[in-house]
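Order of writing sets the labels: A, B, C, D, E and F. Residues in every chain begin at 1.
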Amino acid sequence: MRSEEIVGSLERRYLTDLLQKGKRIDNRGFFEGRSIQIIPNVIHKAEGSAMVKWGNTVVVAGVKTSVGPPFPDTPNQGVITVNLELSPISSPTFESGPPGPDAIEMARVVDRGIRESHVIPMMHPQMCIIPGKLVWILFVDIYILDDGGNLIDASALAAMAALANTRINKVKINEETEEPILLEEMDPLPREGSVVSLTYVKIDDFILYDPSLAEDRAKIARFSVGIADDGMICSMQKGESGVFSEEEIITILEKATSRAKELNKIIDESSFLNEGEMFQFDF
Amino acid sequence: MSENKNATLLENGLRLDGRDLHELRPISMKTGVLDRADGSCYLKWGNNKILCAVYGPRELHPKHLAQPDRAIVRVEYRLATFSVNERKSPAPRRREYELSKIITESLNHILFLEKFPNGTIDVFITVLDADGGTRCAALTAASLGLADAGIPMKGLVTGCAVGKVEDKIVVDLSDVEDKDGQGDMPVAMVYNTGEITLLQCDGKFTAEEITEGLKLAKEAIGKIYQMQRRALLAKYSQIAESYDEDEEEE
Amino acid sequence: MRSEEIVGSLERRYLTDLLQKGKRIDNRGFFEGRSIQIIPNVIHKAEGSAMVKWGNTVVVAGVKTSVGPPFPDTPNQGVITVNLELSPISSPTFESGPPGPDAIEMARVVDRGIRESHVIPMMHPQMCIIPGKLVWILFVDIYILDDGGNLIDASALAAMAALANTRINKVKINEETEEPILLEEMDPLPREGSVVSLTYVKIDDFILYDPSLAEDRAKIARFSVGIADDGMICSMQKGESGVFSEEEIITILEKATSRAKELNKIIDESSFLNEGEMFQFDF
Amino acid sequence: MSENKNATLLENGLRLDGRDLHELRPISMKTGVLDRADGSCYLKWGNNKILCAVYGPRELHPKHLAQPDRAIVRVEYRLATFSVNERKSPAPRRREYELSKIITESLNHILFLEKFPNGTIDVFITVLDADGGTRCAALTAASLGLADAGIPMKGLVTGCAVGKVEDKIVVDLSDVEDKDGQGDMPVAMVYNTGEITLLQCDGKFTAEEITEGLKLAKEAIGKIYQMQRRALLAKYSQIAESYDEDEEEE
Amino acid sequence: MRSEEIVGSLERRYLTDLLQKGKRIDNRGFFEGRSIQIIPNVIHKAEGSAMVKWGNTVVVAGVKTSVGPPFPDTPNQGVITVNLELSPISSPTFESGPPGPDAIEMARVVDRGIRESHVIPMMHPQMCIIPGKLVWILFVDIYILDDGGNLIDASALAAMAALANTRINKVKINEETEEPILLEEMDPLPREGSVVSLTYVKIDDFILYDPSLAEDRAKIARFSVGIADDGMICSMQKGESGVFSEEEIITILEKATSRAKELNKIIDESSFLNEGEMFQFDF
Amino acid sequence: MSENKNATLLENGLRLDGRDLHELRPISMKTGVLDRADGSCYLKWGNNKILCAVYGPRELHPKHLAQPDRAIVRVEYRLATFSVNERKSPAPRRREYELSKIITESLNHILFLEKFPNGTIDVFITVLDADGGTRCAALTAASLGLADAGIPMKGLVTGCAVGKVEDKIVVDLSDVEDKDGQGDMPVAMVYNTGEITLLQCDGKFTAEEITEGLKLAKEAIGKIYQMQRRALLAKYSQIAESYDEDEEEE
């Protein structure tokens, strides 16, 4: 801990010195993102999946589908659950065990983006098999595999891309027993558009988009915003002990709205790729 | 936010509980309500009832968590099992962990933690009755609890949610507006400096609506901040009064 | 720990010296209780609730109701569960986390008083919606908010007072589906009388009723007895490593029986109060 | 206790298992039954089967729990999953935590804990077969296990439940009497001094019935105490015998 | 820990010296087993049970039966679950709490022997009450009571012997409601033969059957094999960090196959004993 | 193994996926795939996809677990929730604990643990996609991950399952053969010495079938061991190449 903290403080000073000269550690512009690769359908056993390499960060998301009872207050709606694991595979500082507050916050931020944008329309008739009794339940599970910074945006993209290639079984009702039968044949999961996350961090007084690992460590404040392909802001999350002014938030929202357009395009492109192979990644 | 657009939340420009779009619910707060805690605050906000206890700065156990250059802040935001419609299991849910985290981060900003190396400041918040907007109410109460414990602070932090109902930005979202409305946006600030310490949203907003929401939140926060100040003054005037009484007795 | 223990031993000696002079730390008689205030219906979201200020001790109890399956061996009976949390709000020595042995013992002592006195008649027809299938399930959850000593008696009183103002929905059976429908309209929970807890502690050779915090810390033995409004003893619980003689127990039971009459009256008075407001407490 | 008053538990003044009102079930107990434990006891009481192992005094880990002026006692009372009608989950239930606590407190009284600063005495009790009255039986066995481990004690503690069945106070409640009767009252004492170390009840009793119960419990405890003494003597006579054998061999 | 390790290393050297002289610590031959006693039906509350004294090791297994839903992929089959607890009663080195990796491995090895030998035929018509809805569920719970070495073999024998005297209720179907009723009368659990476990350990280069406690502590490798009464090998499990050669494994399997014949006889003998009494054990 | 004997797993002497009885599925493996880990390996084997990260030797926390004379090895084998047919709960199951244990023991054998007193070597394995034979694949990957981390080793350990299908011993059991076949027998060896570090089976085998299985497993392991060597050489040749590039740049 101690020696890490000293490194942390030296690293922070080094980054700040660079930023004062208008430079980032990897020579990007302050609002420039890193390269992104998506491999859809990477997991055979999952009903939907995607692996994302975002800069040095690698994330995989898988969607498993099952049928079960709806929540009592939404008897005709499907159910979606997002989990995220900061796997110890991805960083020497992560430990195994149930998700801690960091992983919980990330999962909930990704979840809110998907939920509030209604990109997966839970009220769609296809989501409900028998009203009040049986609906589709989606588990979106995200594993961080290599922590290269900006885990929220990479996770949100992997989850969105996995949902974009998710299939659910066609359902037939047995006429005698009135019980539903899941057929082998599958339909695409209903989807209306897409949503992406955009994360900005503050180091000293500088605001940067898409933090690398070093910038993630040095940040004093974080602001993530989820924006749908129709330009609507669906989620915001400020994090860390530092603060923002109203003006800073307004500036970030402007920058984010324009960047979101590019990112939302990537998802629809990826969903039409053929099934990818992981070794196409040079990770 | 609900996908269901049918719920009517505004009638004749007023909200279901009769409030104007920008009107706060009744709020009252009192410090020093607990015997055993170093600082405490009881806060009512609409039908929300929130109790906060503060301990510290005190020694941190287990010691390997201690920071040699500063105190740490530990916040537990919890819903009482009976504070919500369906009984909640006593084990904390993921929502409670998230809110504890963002309240911690907000409070971190206003404390001089480097004054108390190796120490901890513990803030326990229990929502006894929940009625929408509990995180902002909890943060507002915690801020007073810390002041009541005599812990040196850069300022008070104050929270208030705004939201979107029938395409209007409204102040201080109620439980039903949170559930059936179009969006919720909790905000907390250090009012005097305008520093935003907490900001979230869910729902569907345009950038302009967010901007309007921030403006309205700041106005509301200003009013609540005055209540916080009065609550603290009430405490000191009580102390002053009893001091006077002491003198009279002599 | 160490310094607390030293204080503990000094405090104990101080209390003992006082007791030898026939005095308690707050000038009460050995068998005199502290002042008690009850605010019923204090929690809007609960179906029943009460806050109790007992000396410096503050406790809140809330009752949530739901419907569910009965236990297989009591197919027509409702179910009641009592939980108690020694909230870290109430004392610098309590930690958060699942209930430890102290909280579990307190919850079970309160539970036994309610259960064995049959003040909530679980076999009452109103408690059973569909025999063998659906009955009322009551969760009584007690939170200690300020620990001023004698938590058991304060908790038992809060639980009893909360049950006294608990309401359950009227139920209609849908004639077609034969499924029950919970109506908005509510009835009071069936109740037959009341029960209270009376706790005595032993310090040195002295026996005291209703221990204050300092007395609770200094006690060597504890004896709690639950007595219903008909004078029957429904529960007893001896605690701590000290001992009692038969004669001491018999003396305590005599004292307790007479004090129980007063306490059982308080509950019925409180149940007719209007909904109170917490700020009536000067706590 | 059941609300159901219909169960018949007495016939011709005798109990369902043929016992008189004040008669104990068959009880047998044996110490030194385990190789690895420092002390142990196996006890049968009706169909109850209870095994107790004692370790210590030994060093306490983790160290921060150690008391500089005395040993602590840690007792685990557990029901085997198959010891009851419906299979119990392996995780301890609230009842098991409560009984572990009150058994600990009872044993605390008879031990010279100040002789073993920083130490621990660990008592593990498993109920292999449960038939009513397990807490008193467990405490009786634990007391013997401690003696078997050679731990210095002020005396033995001995337990026996009394109860109320068809308005009569009966001794040593069986499983079915516990379930369908009117009240259960477990008692434990140091028989020689009459000190009550454990006392509980549930059901409906008058003060007079409690007084009668205490008297009957003491008589029963006297008988069981004699069995405990015989079990210990059996051990020492065995030791003496093997000592004799050693001599013979020489 | 430290002093235990020193003892461990001295003990290991002492054992090795003996083994080089062709001797074991208790004078057994290298492939000779210890004496075995079985008391069937030792637990009244269990539907099947057995206590086993295997050398100094004492183990009890109990079987509880209940009815519940089958697994979706085996709708007509009963369900069996084996748990094992290294009770702190049995050794100063065991701690209470949920099963650790050692107990889990042992339980799973015992489970595999029973499952793969099909000695309890899960597809037997008696195991299924209503196809797809209600089947018999068996919980086999094993408690180690005194650890004298070779816990796996003693546990497997106790589990097998307990299953051999397990009874399940006769079932009648209520003609009106079509719901099953469990009758008081009981049938023996269907069983086809038996299975036993045989464990060999390696100390230095020596291979020994049925390790005593000291040998268990000194072993560098362990090999357990489950063999049914028809001579088939149903399970194998190599344990610990030491290694075996192909030849060693083949030799062990030969020895084990012959020893298994004797052991499988013991079970059927024990299943015809009258209900035993624990005090017949001089443990 | 299934009691159901009806499933057809062989047609015209070939397996359902077209393989010969003794044929391996396609296997590929790559080391150094992760930035943050000290060593790593990604392995595909049929439709199995396994990722392994190695950290260490590093200091062990909590310290009381440290061994003064050697490092310990901690292995976590985990199935991703979506790697199997029915979504797995994130909490590890008993099977995952068992496999972690036997993989740990296998790796222990090839490491010079005494070189790193008080230290730990941590091996995290996640099965992203499971298709039968994951434990052997995981062990094969872990062995490479350790080599990639530059940890000194006595040799590589290599795993491959054999099994029994329609009374034939087959190599490298697929998911469906594991489920519907007659027996599964995972084996791991240090190929050069023939030392068996892992051996299990379930199903019904004769001793002769086990002997045949061990022989076939060894042959298969020989082939996989060559792939492991090539994967390590690929890494070093890459390093050599980039070294050449460096020279060219100069």
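Definition applied: a residue touches a chain if its C-beta (ideal position, glycine included) is under 8 Å from a C-beta of that chain, and two chains touch if they have at least 3 such contacts.
All figures in this text were calculated on a predicted structure; none of them were measured in a lab.
Counting steps between touching chains, the shortest path from chain D to chain F takes 2. For the pair chain A and chain F, there is no chain touching both partners. Among the other chains, the CA centroid farthest from that of chain E is the one of B. Between the Cα centres of chain A and chain D there is a gap of 58 Å. The mean-CA centres of chain C and chain E are about 48 angstrom from one another, to the nearest whole unit.
Rounded to a whole number, the gap between the C-alpha centres of chain B and chain F is 52 angstrom. Centres computed as Cα averages put chain C at a distance of 29 Å from chain D. For chain F, residues touching at least two other chains: there are none. Multi-chain contact residues, meaning those touching two or more other chains, do not occur anywhere in chain C. A ring topology is adopted by the chain contact network, closed into one cycle in which each chain touches exactly two others. In the cyclic arrangement of chains, the order starting from chain A and heading towards chain F is A, F, E, D, C, B.
On the chain D side of its complex with chain C, the touching residues are 1, 3-4, 68, 94-95, 97-98, 100-102, 105-106, 108-109, 183, 185, 190, 194-207, 210-211, 214-215, 218. Those residues of chain A whose C-beta lies close enough to touch chain F in the complex are 42-46, 49, 56, 58, 60, 62-64, 66, 83, 85, 87-92, 96, 98-99, 139, 141, 143, 145-148, 278-279, 283. By the touch rule above, chain B contacts chain C in their complex via residues 28, 30, 33-38, 40, 42, 44, 47, 49, 51-53, 55, 58, 76, 78, 80-87, 90-91, 122, 124, 126, 128-131.
Residue ranges on chain E touching chain F, taken from their complex, read 2, 77, 101-102, 104-105, 107-108, 112, 115-118, 121-123, 223, 228, 231-246, 249-250, 253-254, 257.
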